[in-house]
Structures are given as C-alpha cells and as structure tokens.
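Next, two complexes with chain A in common: one pairs it with chain B, the other with chain C.
So, the complex of A and B:
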C-alpha cells in the first residue's frame, strides 16, 4: 500500500506522532474521522495550535521571499502547501461545527460531550443555542398549546429533556484496524469479529467507539 | 457522513511519486523546500527524487520536472493485476489505496509519463475498475441483515462510492432488527427504554430516533 504520510524527513518545525507521521497527515486523519463519525470526537487542541503556529511561521517566510524574484518557485511551493494545510484545517473545523449545530442541545447538556469542545466551540454552541431557541420559541412554540411550549421537553408530562437530538451511534462506518485487537464484540448478543492489523471493516459505530477514541482503529 | 470525490483526490495527492526535476533551488535554502509537511529536496537537474503528488503535479504543470509513472502502473503490473482480479472471484487483489485517484490525475495531467503505453495503461485501469466494481455489486446483493463485513483491499474511491448505500442499508437492517413490535403513536407517556441504556424514556414520535 502506498505511503500516505508526507515523504521526506520531518522538518525541525513539526514533531511526529506515534507512527512517525507529520502533523499534516494527522490533521488529515482527524478530519476524515470527524466527517465520517456520527458523533463529535475530542478536539485536537495541541494539533491545531501547532499547525496554526507553523502556518504563521511559514507565512512570514513567504513574505520574506517576496523581495527576491529568484525565489519565485520556492515561494510558490510554500504557498501551495500552505493552501493545502489551511484547507485541511478548515474542513476539520467545519465538520465539527456542522455536527455541533445538529446536536447543540446534547453537547451543552452532557458534560462528557462538552469536554470535547474547544473554548471557541463552546461559545459558538451557546450562542447558536440561544438564537435557535429564540427562533423556535417565537415562531413555533408560542403557537402551541400550553402544555407543549417547552423547548427542551416535548410536553409538560415528559420525564426528561427529550427533544434533544442525540447523535445516532448505531450508524455503520468504515474503519481500518491499526493494531491487532483480537476478538471485538460487535453485538449485544456477544457476537465477535477478529480485528487484525490492516483489516478494513464496515461496522456499527457504537461497539468500536472506544477503539476509535484511543486510535486503535481509524475511520475511513 | 460523506467524503466528496474531490476530497479523496486531495488526500491522494499526498502519495509519493518519483520525479526528475530540471531545475535547482538557490543555495540559501540548501537547495530544498522546507515545507510544514516535510523537507523536499535537494532539487538537482536530472537527479530523480521523491515528492508528494501535489508537488509533482505543480512542478510538472510549470514544466519544471518529468513525472515517472509508479511501478504498479506499468503495463505488466496492471496486466497481472487484471488477470488475478478476474481469476480469483472471492476477495479483492491488493492494490494501492488511492489507485483510482492517482491514475486519474496522472493520466490526465502527466500523459508524457507513459509515452507510448498511455492508451493501453488507461484501458487496463478501466478494465480493472470494472472487474472490481462488478465484484462489489455482487457482494452487495447478498446483503441480508445487519452484519459486520470485512472489506480488505478495497480502495478509497470504491469505499466512498458504496458508502451511502452500504452503510445506509446496514443502518436500516439494524433499525428493523431492533424493533420487536410496531411502535404506536401514543399520547400517554410510556416507559419505552432503549436497549437497557441509561437514557431517559423518550416518547416515540412516528419518525423514530433522530438520525
């Protein structure tokens, strides 16, 4: 299988992760995971911060090269690469925001989920929830009968906040096994499947949730 | 939940290819490009080296290098792959994960990398694609219920193409398998717990769980 990590040695700028992959490859995998996974995953704060500082560092270098017409080609190479990295970063953040908007009430409600958001995302979620709530209240709920006016509960006799849109963890996803995991339970009935290194599977997300979180399995 | 084909091509552009540059960079940067993703170089005229596909395509477009077709895209390799694919009906032959994207990019933008074998190469890649997709089709037809399926040796584009149907069908099978009896819309709060999880009782609306 052809290598997908960036070739060449890692420059002094970027540390490499467990598999010797550069930050560029890591953000790529993170973005694939976010786009394909039904739920919001842990925000990769360190990775994003490192990339942002590398980006501004590189932008300064490009600016310096601007003065020298002989360095045109080099400058263009740096610029193209920068565009690619910014695109990856944007896709990552946008995929997260999209899921955040779908599940905003759940993310704010559940401390587990709230933990996975960056500070800016929490602020975004709160603002979005406020706007959404106002919109629904004025346009829809004000016209509903008294017992059904709640934003969070379907009716006043509901026992809990049940209008929350929870992510559907039973969706099927494609994944690649990064390390041998032996038998993995994929079913409440106890059916197991052998996860060996480099296997590709289509499987329900819920049973492999922890494997994804700990990076034993990557989504594709 | 979906990746676009353009995104797959974007990911494929990180694959390594061999190029033969016809330029060199100034000594100020040791003749190399120090990118965030890695150091590429030093670039020396007529010295073959490896760079990511995006860089190779960029340099080629500006007439700064020649791209060497990857080994797996030689006529012999592709021919062998095609024959194996046809011979062994169960399972798929090992093939580069981004073979469709890489071959498309090279055949479209770097025709000179193939010389006279250009048409034959394009033809062979098409044939391999067809055989593999036929196998996928017949595999999908025997789907019967919620199951975990092993998909070794499928490529990125193939997976992405069948993703909506395949994953969607499995999702539906799963949903159907969970329903013991048809749910009725009721105005009384009913204690319908989902699967023994700790979630609070939710009155089932007709459309079911939020997707």
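So, the complex of A and C:
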C-alpha cells in the first residue's frame, strides 16, 4: 500500500487520534489489523462516521473547484486523496464482510462477537445466515433421515453446536508493539517474552488477542 | 458405499479451477442421499434389536461386538456423508458468491451449470449485497467496485460494444464502438467489468514508443 497523504497537504481530513495520527492513518491501521487478524475485531463506528462526513465535505470542495479551470491541479490532488481514502474505507468494510460471511454462525452465536458488529452488519449477518441455512436445508438437510436434519448439529445426540466454522485463533501473525508491555505469556506452558516498544514479533494470535483489542499492539 | 460417492462429488469441485464450477450433479447427490437412508435403515434395525434385548447399551455391546461395531460404522457413515454433502453445497455457494464480487458477465455465463435452488441463492445473495451497499439500508458505497488501490483518478478507456448514451455521475458519455474516452476510474470500473469498455494502458504505450 502507498503511504498516507503528506502531512503538509491542505487536507480536510486531519483530526487526530490518541497517538496524534490522523484518521487516515487510523483507518489504514484498522484495515491492516482487520485483514491480518483471524477473527473479527471491534467495528470502528466513530472512525467510519467521521470519515464519511469528511468524505462528503471534500466531495463538495471538489465540486466547487470543478467550476474553476485554474484550480485543476488542486482538484486533481484532492481527488486522488479522496479516492485513496474511499478505497481504504471500502477495503475495510469488505474485509469485515468477508470474515463475517465465513464465520457467520459463530458471530451470531456469541454475544461478545455480536457486540463487535455494526447494526448493519448484524442485519446482514442474520439475513445471510438465513439465506445460506435455507439453501443448505433445501438441498441436503431436508433429505436426511430423522435425527440428522440439524444445521448446527451433526446429529440430535451431539452435545453442542458442532458444525460451526470458528476462526483459527492460533494462526501466527506479525505484530509491532506500540507501548512497553513487560513480559507477556505467549504459550500455555507459561513461556514469556518481553514486549518492548517498537519490537516486532511473529506470534500466535491467541496470546496477544487482548493487546490487539486494546491497541497496545498493532498487526502488520 | 461408505462415503465413496460423496467424495467423488467433492473431487468434482476440487478438480475445477476456483473461478469455474462443474454442473450441479443431481444424480450423484440423489445416490448419496439414498446411501444415507440405507445406512439409517440398517442402523435403526440394529437399534431395534438392541432395545428388544432389554439390556443397556454397554452390556449389549459386550455381548454382540459385531452388531455394536456395525452400529458405530453406520452412524459414522451418515455423519460423514452429511458433512460431505453440506460441504459440496456450501463450496458451490461460495463460488457463486465470489463471482458476484468479480464479474457480472461471468455470473450470468455460469447460470447453466447451476441447479434451480442455486439460481435462487444467487439472486437472493445479489439482493442482499445490493441492499448492504445501498444508502439508507447499508453503507452507501458499492463495495464490489474499487478493488485495486487507486493510482490515477482518471482512466482512458476504449469502447468495445456500442451502448449509446450513458449517464454517469461525472457527465454524459456517448459510447460508440472503438471510440476513446477519459472517465473517472470509479465509474469506468463498472463498465469494464461488464465488458462494455476496456482500459487503455497509456503509460505502457508511451514506454514502448520510447525504447
């Protein structure tokens, strides 16, 4: 991916976050986190809302510039910037949607996961689950013998929902440490590693799950 | 028997490139379902004979090891066949979905390979995604467009099929075959995907002239 907009540009998109980074940098990181992480992360509602209003603001500016041929270069620069941001935003939503479809039953099943979705995503997930479930039911399950008709259970004697696809939390990820963390336990045997600022690690996702959620660590 | 046929179904898809789909194998699906029912009947017979003996399952298993193991195998076969069938249907649905994301013309050309229920699924998924992309009910952006990081804001395209006057957000274009136009990348992408226009790679042409 290309680097974000140069700091000097007369951009309309420059409120900053906790670390003094612009929204553009934040959405870029959110996008990378979302693409790399095996499970769905918390939906960045405020960020997306802010970006959306800024996008429409910048669109209005570009429209005004359209009238004036002398401002062509400026209009070009604004347009490119706008397109990059729109691209990041779309990519972010796309990445989420893809994971949502993959683990749709898991996401709806677990109230914690459901909280991470936006309202629209919840609606989408419900509709999608219904659609896919019905499709599988009419093609396969309706023809199965009694006791084996369940969509979520292999048979009626299964103890739990055992046909759900779950994200593989033990997938390895690359990550960068943003703040000193001291020693962090990285496996079940209690082995620890010192996470200091700006360190890079390849590590299983599960032990750093909480650190990613609280933005102490970013994925790369 | 014992799941061989269902594996054939899966292999049919596995042997196909990811953007293609073999025709829905009605016949084989029916045979697998028959097989499942056969397993089920045999299993029910065994269960009935167990119940008749009046013993609890552990005791009965000790006394009739052959029947007990047959019961387990039949049960495992049903589960296996069920999983394989579900995978077959699901994997096909996944591919139908991915076509929606890549190209509309391909989505139409795959139609003859689909079963009636799959065509329904395709249409329903189409509606669902469109709803999610629309303003008001969804995010207000067409997520299927803009799949590569943007470079130039505008793109030169050559028209491949006559399509008359086309009104786009940036203006009206008269798209006559073999004419060239410059239009915003975002709007061009949809037309390219539908096969109406093709992108001209300006930079490459210039490079070739220079060297």
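A few notes on this one:
The working rule: the second predicted complex is superposed on the first by the 207 of 220 C-alpha atoms of A that agree within 3 Å, B and C clash if a C-alpha of one lies under 4 Å from a C-alpha of the other, contacts with A are read in each partner's own complex, and residues count from 1 in each chain.
Just so it is clear, a contact is a pair of C-beta atoms (placed from the backbone, for glycine too) under 8 Å apart; a residue touches a chain by one contact, two chains touch by 3 or more.
Everything quoted here is computed from the prediction, not taken from an experiment.
One of chain B and chain C touches more residues of chain A, and that partner is B. In the overlay built on the shared chain, the residue A:128 is in contact with chain C alone; chain B does not reach it. By the touch criterion defined above, A:140 reaches chain C but does not reach chain B. In the superposed pair of complexes, A:178 makes contact with neither chain B nor chain C.
Of the two partner chains placed by the overlay, chain B and chain C both lie in contact with A:80.
Of the two partner chains, neither chain B nor chain C is touched by A:41. After overlaying the two complexes on the shared chain, residue contacts for A:154 are found with chain B and with chain C alike. In the superposed pair of complexes, A:120 makes contact with chain C only, with no contact to chain B. When both complexes are overlaid on chain A, the residue A:204 reaches chain B alone and has no touch with chain C.
Judged by the touch definition given at the top, the superposed model places A:28 against chain B, while chain C stays out of reach.
Annotation: chain A residues 1-2, 76, 80, 84, 87, 154 touch chain B in one complex and chain C in the other. On the side of chain B, the complex with chain A involves touching residues 1-3, 7, 10-11, 13-16, 23, 25-26, 28-29, 33-40, 50-52, 54-55, 58, 62, 64, 70, 94, 96-98, 102, 146, 148-154, 156, 159, 163, 166-167, 170-171, 174-175, 189, 195, 199-203, 205, 209-211. Of all residues in chain A, only 1-11, 13-14, 22-25, 28, 32, 35-36, 38, 51, 54-55, 58, 70-71, 73-74, 76-78, 80-82, 84-85, 87, 91, 154, 157-162, 165-166, 168, 170-174, 186, 188, 193, 198-204, 220 touch chain B in the complex they form.
Partner chain A is touched in their complex by these residues of chain C: 29, 33, 36-37, 40, 75, 78-79, 82-83, 85-86, 89-90, 93, 97, 115, 117-118, 120-121, 124-125, 128, 132, 137-141, 143, 145-146, 149-150, 153, 185-186.
Taken in their complex, chain A has these residues touching chain C: 1-2, 52, 76, 79-80, 83-84, 86-87, 89-90, 93-94, 97, 101, 120, 124, 127-128, 131-132, 135-136, 138-141, 143-145, 148, 154-155, 163.
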